[in-house]
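Structure incoming, see below.
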Amino acid sequence: MLEIRIHSRGGQGGVTASKLLAQAAFIEGKQSTAFPLYGAERRGAPVMSFTRISDDEIKISSQIYNPDIVIVLDDSIMDLVDVTQGLKPGGLLVVNTKDIDKLPKGNFNVATVNVTDIALSLGLVLSGNPILNTPILGAMAKLGVIKLESALAAIKETFDDERNVQAAKAAYEKVVV
Amino acid sequence: MAETENKPGSTATEKSDMPITPASKPVNGAAGKTGTWRTFKPVIEKESCKKCGLCILYCPEACIDKELEIDYEYCKGCGICANECPTKSIKMERE
Amino acid sequence: MLDDIPEEEYLYKGNTACAGCTAMLALRYILKAAGPNSMIVNPACCSTVCQGPYPKSAYGVPVLNIAFAAAAATADGIASAERNKGKNIIVFAGDGGTVDIGIQALSGAIERNANILYVCYDNEAYSNTGMQKSGSTPKGAITTTTPTGRKDSKKDIDFIVMAHRPVYMATASSAYPKDIYKKVQKALSIEGTKFIHIHCPCPSGWRYPTERSIELGKMAVKTGMWFLYEYEDGKIKLNPPTVAALKKPAPIDDYIKSQGRFKGANIDAIRSEVEEGIARIKEMV
Amino acid sequence: MKKMSTGNQAVALAVKESDVEVVAAYPITPQTEVVETIASMVEKNTMKCAYIRVESEHSALAACIGASASGARAFTATSSHGLLYMHEMIHWAAGARLPIVMANINRAVGPAWNIWAEHTDALSQRDTGWMQFYAATVQEVYDTVLMSYKLAEKVYLPAMVNLDGFILSHSIQPLDITDTGDFIPPIDMPHALNTDDPVTYGNLTTPADYYKFRHMIHTAMQRADKEARSIEKEFAERFGRQYGPVMEYRTDDAEIVILGMGTLARETEVAVDLLRKEGIKAGSIRIRQFRPFPKLDLDGKKVIVFDRDYSFGAGGILAQEIRMRNDVPIYNVIAGLGGQDVSYNTIADIVRKSKDEGEFWLGVD
């Protein structure tokens, strides 16, 4: 089973990203589930959401304490939260950042992608927030978590705006490992 | 069971002649013969009566019919008819 | 003899109501106007008992008894079902169930313009439970929970209802049964939430002899203690007895002195309350 | 058709599939997505029903009672305080023998304000005459709503379908949106309001008769237990998904059985696998049907009951229910209150350290 934990701020689309990942895996015929750790948070507060992907039935609905992958949609969260806590040795940390020097180091791999720039360049903005969930899906496809076509299919099923697909494709190309 | 099935609210599966929830049929005398509640009974003097119908109109029990016959089985003896009669043709008599 | 009012009775004889009960008189004419294609929703109130106990009922149309606060919403539920389109769904509720505990559901139903007729028969107290003060109890009246007479003023449910801008609203009195009949007929011809508020003198609670029920109902109108009017298209139209009463209101003294519930009451205080009420309704017209 | 769905959306889709005529509901976290999804389907004309946007939960169930009393299929959904605000009407619906189905998204009760999962809300309605089911997957939520309508309309008792707030209501999982065809027959209510037969319902009923009606609710509940089994059997034959009053896992040779309800009890199966690898003969029983309460065979086994609820001055509610019918010592674990996260690792650890009898509060003891 692959366990993914996403750190974001309320309004950035972390919860939707977790669901899009699960949906893409579902399209590939896998078992998947996704859920947010809801607080009574409003926009801007740190939020965690989780995705589990497996070939077998998933019976677990508790939070993910030892993720295989951690996604950070907002690098400023790293000042508040130890995002790599519990990350499995040899796991993967994916961060939306333009400041590669800021990244934590440890027994895990790191990938970066600036999905904020991708969203802004395409004008993908909702209520003042750049939309990060659809481009990050493209990045996850590049990193082999899901296939690009299933990522794009999940996005198309969820959103009408074609720019979301463009954003995912752009992020697919721009991931730095 | 046919009778059971016809009962409002009853079901064949209940195997009972009772409905499954209190279901009551409309009848005169839901509270029994309410005429027994009376201390005084209204009596219409047909001679002076102008047949204006106000007693019929105001009877809360609908106990006076269009022939001005009073249903003493159910009349509770409130006396509204006597009080409202413009020709004072209804007298309240001690039972 | 009753003009064009049908002879059919849907209120059966021998019900459990007290002798001289004007709520049953009002219901008699509501049902005559509504006819057999009607259903009654009945929250806790005198009418709950008046039906008589299981397995008998004095009511000749289908009745759904429901909890105290729930009448308007329950009626909306019936009216909303596709299968009940074209049927008259009528709430028959007392003042406590309307003015106090049921006001939230009533407010919601009017806001949604639920296709129901809500009738509040108002005997100005919780009469069913032995005469406790309700929001509708007039100033000065003795009830078991205001044993020295009510000190504050009653809640004006009519103005509250009108603030919702219902499609039709009317006040009525059990002393004017033909007026009730007409208003119910008119209300049922209109789609949406209709509200009729009927003043119903209560011999047991107000402590007056049973035969005076109609007389006292008329006195309330003639003194300006109760108004008869209709509200439609955002306007109040006073009915003739109230037009006459507002020109020259009858003194309240007889009305007050006829009732045991006002024993020892300050008539001047009640009089100024009535005068204020008259001034308010005049402003609205 | 298979798609990813939240627990809440599954409720709404099952209500649509059940051809509900009247929905009356009031929004409350975490149930809101149920009413939003229904509202959206109604306004887009993909679902045909009257949708009453009531001003309170008391009115929500009152409106359902009105609709159901006139023979219409009715639905509402709520949670926590909303359920408690309905309490009076919850009794009324059962006493009036109305086959209303309600989804309750289990949530803790204040104070303090807490929007997360707990079962105390629904369990405090256990004595009302409603059937109660607790689902553990999105698919089970959907299937249980469908089966509940068929069952409720067979025995004329209302049914409450429970799902854990957020943990299940907001999780997305694969859902087979099954076209159930004629699985739920048209509603047949002999005690429906009918202008051709002017009957008064629920009028004053004296001590001479009242208890008879209560007894009929009792016998209907007993019948519901049998009917539920035959409905589950038909459902499995037609749609391939099998349910029962309890869902057992590796209990055949188990020396320890772990009981619970909802998502926690499903996660327990993962804990059971862990314990088995260590040589501990554990098994789990997930109580799916809480009312009518199922018969359990626990003799000779060590019994551990997880309660996501509590009755102050008494103990875990599920443990009490089991204790009442089974003469066995129980180790009662109070875990998951107000959304406290309980993982399979935690469950396994509690089982490893468990005593034969007693009470244990996770995070406190």
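Each chain carries a letter (A, B, C and D) given by its place in the written order, and its residues are counted from 1.
Everything below uses one rule, namely that a contact is a pair of C-beta atoms (placed from the backbone, for glycine too) under 8 Å apart; a residue touches a chain by one contact, two chains touch by 3 or more.
Given the structure is predicted, the values throughout are model-derived calculations rather than measurements.
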Fill in the blank from the handout: Taking each chain's centre as the mean of its CA atoms, the one lying farthest from the centre of chain B is chain A
Practice task
Between B-D and C-D, name the chain pair that shares the greater number of C-beta pairs in contact.
Solution key: C-D
Fill in the blank from the handout: For the pair chain A and chain C, the C-alpha centroid-to-centroid distance in angstrom is 63
Problem - For chain A paired with chain B, centre-to-centre distance based on mean C-alpha positions, whole Å - result: 77
Problem - Inter-centroid spacing, chain D versus chain B (mean Cα positions, whole Å) - result: 49
Practice task
Between chain C and chain D, tell me the centre distance in angstrom, where each centre is the average of that chain's C-alpha atoms.
Solution key: 42
Practice task
Would you please write down the residue numbers of chain C that are in contact with two or more other chains?
Solution key: 51-55, 57, 59-60
Completion exercise
Contacts with two or more other chains occur in chain A at residues none
Problem - Per-residue multi-chain contacts in chain D, two or more chains - result: 197-203, 205, 209
Exercise for the section: Specify the contact topology among the chains shown, as one of line, ring, star, complete or other. Expected result: other
Fill in the blank from the handout: chain C contacts chain B in the complex at 1-2, 7, 9, 11-22, 24-25, 28, 51-60, 177-178, 203, 209-215
Completion exercise
Note: in the complex, chain D contacts chain B through residues 95-97, 155-156, 190-191, 197-203, 205, 209, 212-213, 216, 219-220, 223
Practice task
Spell out the part of chain D that touches chain A in their complex, as residue ranges.
Solution key: 3-4, 30, 113, 115-116, 164, 166-168, 170-174, 263, 266-267, 269-270, 341-346
Completion exercise
As the complex stands, chain B meets chain C at residues 22-34, 37-38, 51-53, 56-63, 66, 71, 73-74, 76-80, 82-84, 92
Problem - In the complex with chain D, residue positions of chain B that touch it - result: 5, 8-11, 13-14, 16, 18-26
